[in-house]
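Shared between the two complexes below is subunit A, which pairs with subunit B and subunit C, respectively.
Let's turn to the complex of A and B:
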């Protein structure tokens, strides 16, 4: 049996006379695989299974098989489509803002100036703050009675009296996106900066000799060379944004008047408040598929152009 | 057969297999004996949320000393209590008695997790000494499911000093007068938004809504569980219209009310920013405590303002000791659990000892009428409120009419509908129609 065949067909060689070192590797891996199977693979498959049942925890006696009804029920509900629209808006705004701000910061940190290292270290602070602490901090900042934002704007004379920031349904989602962007920018900036550092200096020197100005060097050398880093940032931030829950939970609980009810919040309400595990699982699978589809779309389209 | 070391482990032989099997069976038998032993002296499984835990433990110690029974107390945070207990019920975890909120009763009774207590006279004997809304809140489909733990109601409070500065000597009687006085206070520059409403989407919201509707003489749902909230004759439309006008037209309630929860509202009222506030009555003690409030001695209770057809009614809520169906199946278990329930919810050694402990230690209110005549309780109440007015308002409290098996699902949408009207995204009529339609749909599908 060749190494190549071993690599391609795991189960086949287990049943035959396979090599000692390969067998030992499987032996050592098997406990981890068993644990992963129990805590990851099984729950994923089981949640798919229960999405075909009308499983409500408070009605344990009656759990009928309903096939795809949970999925149909979800997609026929206007509340779901409203949540999809809000999730899309939140994701687009967040990804765009994170990518642009991170790019600008990376460009700044790529320059040589005094205090660059200190600035780079300070930049990481928002990223290092735990999600819950970040949410609570923004809750204090936005509070309508004693919030720092109101205090600051009032002292600057920008507002005449305290405003209900999170209480305004037209502003709520954008304010949550702002808190999200603040947290996600540092990692994105570092990823872009690392990619930027890898661009050969010769390219810039050659372009300068050819008469290219700064903007032309940025558009024709920097930006195309940043493609791997930007792709990573866009895909990562989009996947985190589309599933955003922590900030919604801490800041608004989906309100006011459902103005911040995104898909992840709807899944939480359906599963853990209404205890409707069947429809909650169906919603989760729809969100998972949407996340995969979005990542695929970004890689296939944006990835080609950048 | 021997194998070279390190190549392959020796297989288990037939003798070894028999030896290990015998040892395993002996071990299992021993474990079974231990389990049987535990079952014989099994403690009462008692579950509560994390409130007044030290007070509960001290009263439990006295119970164990007096009866010789042992109790296994488990706690869970209030925010996760329902989910924790539902999971325990579904998983078949041992549970005998527990704290139950009136909001969960239909759901848990329908699921068969709670057992009626109507045939335990030692528990039902207390009904005559308990406020009517308390007994009703523990009753579902004509069956009583427990004995009182604590109960309270939504009160309308005012800042006496602020009213006095505005030249107002008598607090308002009606919602119209609340508007008039609030406008006067606002014009005097004493408060930007004189009235506090806490309309954030949280568990308290339904209590705030119900209190306003009941004070208008209205109902959200009638006795046959038919949604009447969209009917202009049933008070909900008037209550929501008042809230919408207060925010948008008169500007006496802050538009930030939709992001103000009960706790944030309490802090804001305690900081002296408001003249009037719809606040759970037990907060009166905190608001008049110099260590916790900036308006000590100035927060006063008045009867709920009434609407055209109202009579100062408010909403009451109830937490009670429930008996589980699994305990009910075993005579000895249920007898022990009922003994514990009476020790806490009824009299212990001839006195409502735990109700008094709860009130004196943590300020948790009681639904026992005779305790309003108890000199110790009156003295404690008098330190921060008018005990006779409190008793009068308590007698006008009504149970939440929307408590049904589908309450949780409806409640989220209803809260969002009220918020939508308050922020101007819909009219009160549209919001309440949406709420009523959802109720009808959920009822039909139940």
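Let's turn to the complex of A and C:
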């Protein structure tokens, strides 16, 4: 090998150096590629394959090829479109609320005052909490007999008697969204805050010299400069919201009367309760594509306007 | 002369009072805003902790006791002390949930579940480092054909929703005979952790000077030696962030664990805690105590390593 190298021309040596690096690079990358290939790429392709078969665990011997029938069957069902509408509502409400609350918190933490560091650290608590604890915590807060929400509102005189919050089909989805927002706000606030800190102080100084007041400075300097941070928040929260499962499972199991049946919950019911893996795979494929499309759409439209 | 100083004094005095007033107003505003934020962020958690320290009689009072009158550690002790007593129809009737507070015999499961969670999280952390470090080094320090597309491929796998992987995962895991084993969780958690780990490491490595790599190579280091002796010591903050994120993600994960675990042989903390909540006879205060136990490790880690976490979370945020 070494003798070979010495014997060849300088040009060959350069070329081999490049090739050698490429080979090392791929050697270094091979574990990650093997892992991701096995646990993400292959499963998602396999899922596409299953979605063309009528695979039911109640009837495991016969798995006929049905083409696009699973997709057609799903799309022609009103249950699906109801779930889509609920998912859209959940996502839009959550994203808006997270962005607004996180912006307020970032504005507060951007000030310099004593205790700011402690506040910033405590902000991480909701982020770190397991979704199970988050779900059970809010379920207990919303409890119709002994919950904190009922107790608080009664003590404040806002309600005359305890209400079954999660049992009200008009409120369920929004209450679940509230629990979701509470957990997602910290990360969003941190992302917005770091973008805020990156705004050059000169901009504010120049605006002040030009006679801009606080509100004008916020509207014309802070908000436009926050665009990348806000974008990241909107895309990230939307992608997490559209696939939300844990809170639905823990708080309502899709109820009452399907009032909180979002797409992720429909996939779960179809797959693990109806044991219909073919339609389950078709549904999850639709959700995965919707996620991609959503991210793309947000980046294209909002990215230009925000 | 004296007149002039007098007016100047009074004017500056007026200015001082006004600025002091403004400062006071600002302090007051900041204080109120901070209090509001704290109430929003910590209020729900405080209520959970308060509930976990109440007896069944107290927790069912209307309106609720925000601070327990007679705090009790009974719910927490039950997790370690409870003897292996099976619930029969007789014992169940004796422990009337409405009067006495029913703590399930499955309370014992929390300790082994913590063991399971620790093993899974530990293995996932190790595998992430093993797989992620060389990949990040290659992507950040070596120029090679296919580099950009590799970055895109790794990052795009992060967009795939976990629920979309559930169906194929379940079929694979069943085929491999790994249902109800820790292996199924370790394997599938790689899908949700590896892309982000690589992302954090790459953005950190890219911030290190490329000259370091060249210098190490000139001094006769191989790529592997350069990575181990030069880059790893410098990348400690990013490594800490990866360890933390991966650990928290594995400890907190719920959906996949729900699909693949069936018994305490593989059930993790979130699954055991959730199983308490689905039983209507179990005391509310006990469920809250179990939730508190699930919350303590991740929250303690987050508060201890706050700097690393914030730095890791914001790694690529400014770049967009």
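Definition applied: the second predicted complex is superposed on the first by the 284 of 306 C-alpha atoms of A that agree within 3 Å, B and C clash if a C-alpha of one lies under 4 Å from a C-alpha of the other, contacts with A are read in each partner's own complex, and residues count from 1 in each chain.
As a working rule, a residue touches a chain if its C-beta (ideal position, glycine included) is under 8 Å from a C-beta of that chain, and two chains touch if they have at least 3 such contacts.
Just so it is clear, the model here is predicted, and its values are computed rather than measured.
S.K.: Which chain, subunit B or subunit C, is in touch with more residues of subunit A?
M.R.: Residues of subunit A touched, subunit B against subunit C: more for C.
S.K.: For A:58, select first, second, both or neither according to whether it touches subunit B, subunit C, the two together, or no partner.
M.R.: First partner only.
S.K.: In the superposed arrangement, which partner chain does A:168 touch: subunit B (first), subunit C (second), both, or neither?
M.R.: first
S.K.: With both complexes overlaid on chain A, does A:144 touch subunit B (first), subunit C (second), both or neither?
M.R.: After superposing on A, A:144 lies in contact with subunit B but is clear of subunit C.
S.K.: Touch test for A:254: subunit B only (first), subunit C only (second), both, or neither?
M.R.: So A:254 only meets subunit B here.
S.K.: Answer with first, second, both or neither: which of subunit B and subunit C does A:274 touch in the superposed model?
M.R.: first
S.K.: Just to be sure I read the superposition right, which of the two partners does A:245 touch: subunit B = first, subunit C = second, or both, or neither?
M.R.: After superposing on A, A:245 lies in contact with subunit C but is clear of subunit B.
S.K.: Look at A:35 in the shared chain and tell me whether it touches subunit B only, subunit C only, both, or neither; answer first, second, both or neither.
M.R.: Only subunit C is touched by A:35; subunit B is not.
S.K.: State which residues of subunit A lie in both footprints, the one left by subunit B and the one left by subunit C.
M.R.: 143, 145, 162, 272.
S.K.: Inside the complex, what are the residues of subunit C that reach subunit A?
M.R.: Contacts found on subunit C: 27, 30, 33-34, 37-38, 40-42, 44-45, 47-48, 51, 59-64, 127, 130-132, 134-135, 137-139, 142-147, 150, 153-154, 157, 159-172, 187-188, 190-191, 194-195, 198, 223, 248, 251-252, 254-255, 258-259, 269-271, 273-274, 277, 284, 287-288, 291-292, 294-295, 298-299, 301-303, 306, 309-310, 313-314, 317-318, 320.
S.K.: Within their complex, state which residues of subunit B touch subunit A.
M.R.: 83, 86-87, 89-90, 107-108, 110-112, 192, 200-202, 254-260, 264, 267-268, 273, 405, 408-409, 412, 415-417, 419-420, 422-423, 425
S.K.: Show me the residue ranges of subunit A that touch subunit C in the complex, using the header's touch definition.
M.R.: Listed in rising order, the residues are 21-22, 24-26, 28-29, 31-33, 35-36, 39-44, 46-47, 50, 101, 105, 108, 111, 113, 115, 119-133, 135-141, 143, 145-148, 150-151, 154-155, 162, 182, 185-187, 190-191, 194-195, 198, 228-229, 231-232, 239, 242-243, 245-246, 249-250, 264, 267-268, 271-272, 277, 280-281, 284-285, 287-288, 291-292, 295.
S.K.: Touching subunit B in the complex: which residues of subunit A?
M.R.: Interface residues on subunit A, with respect to subunit B: 57-61, 143-145, 161-164, 166-169, 252-258, 261, 269, 272-275.
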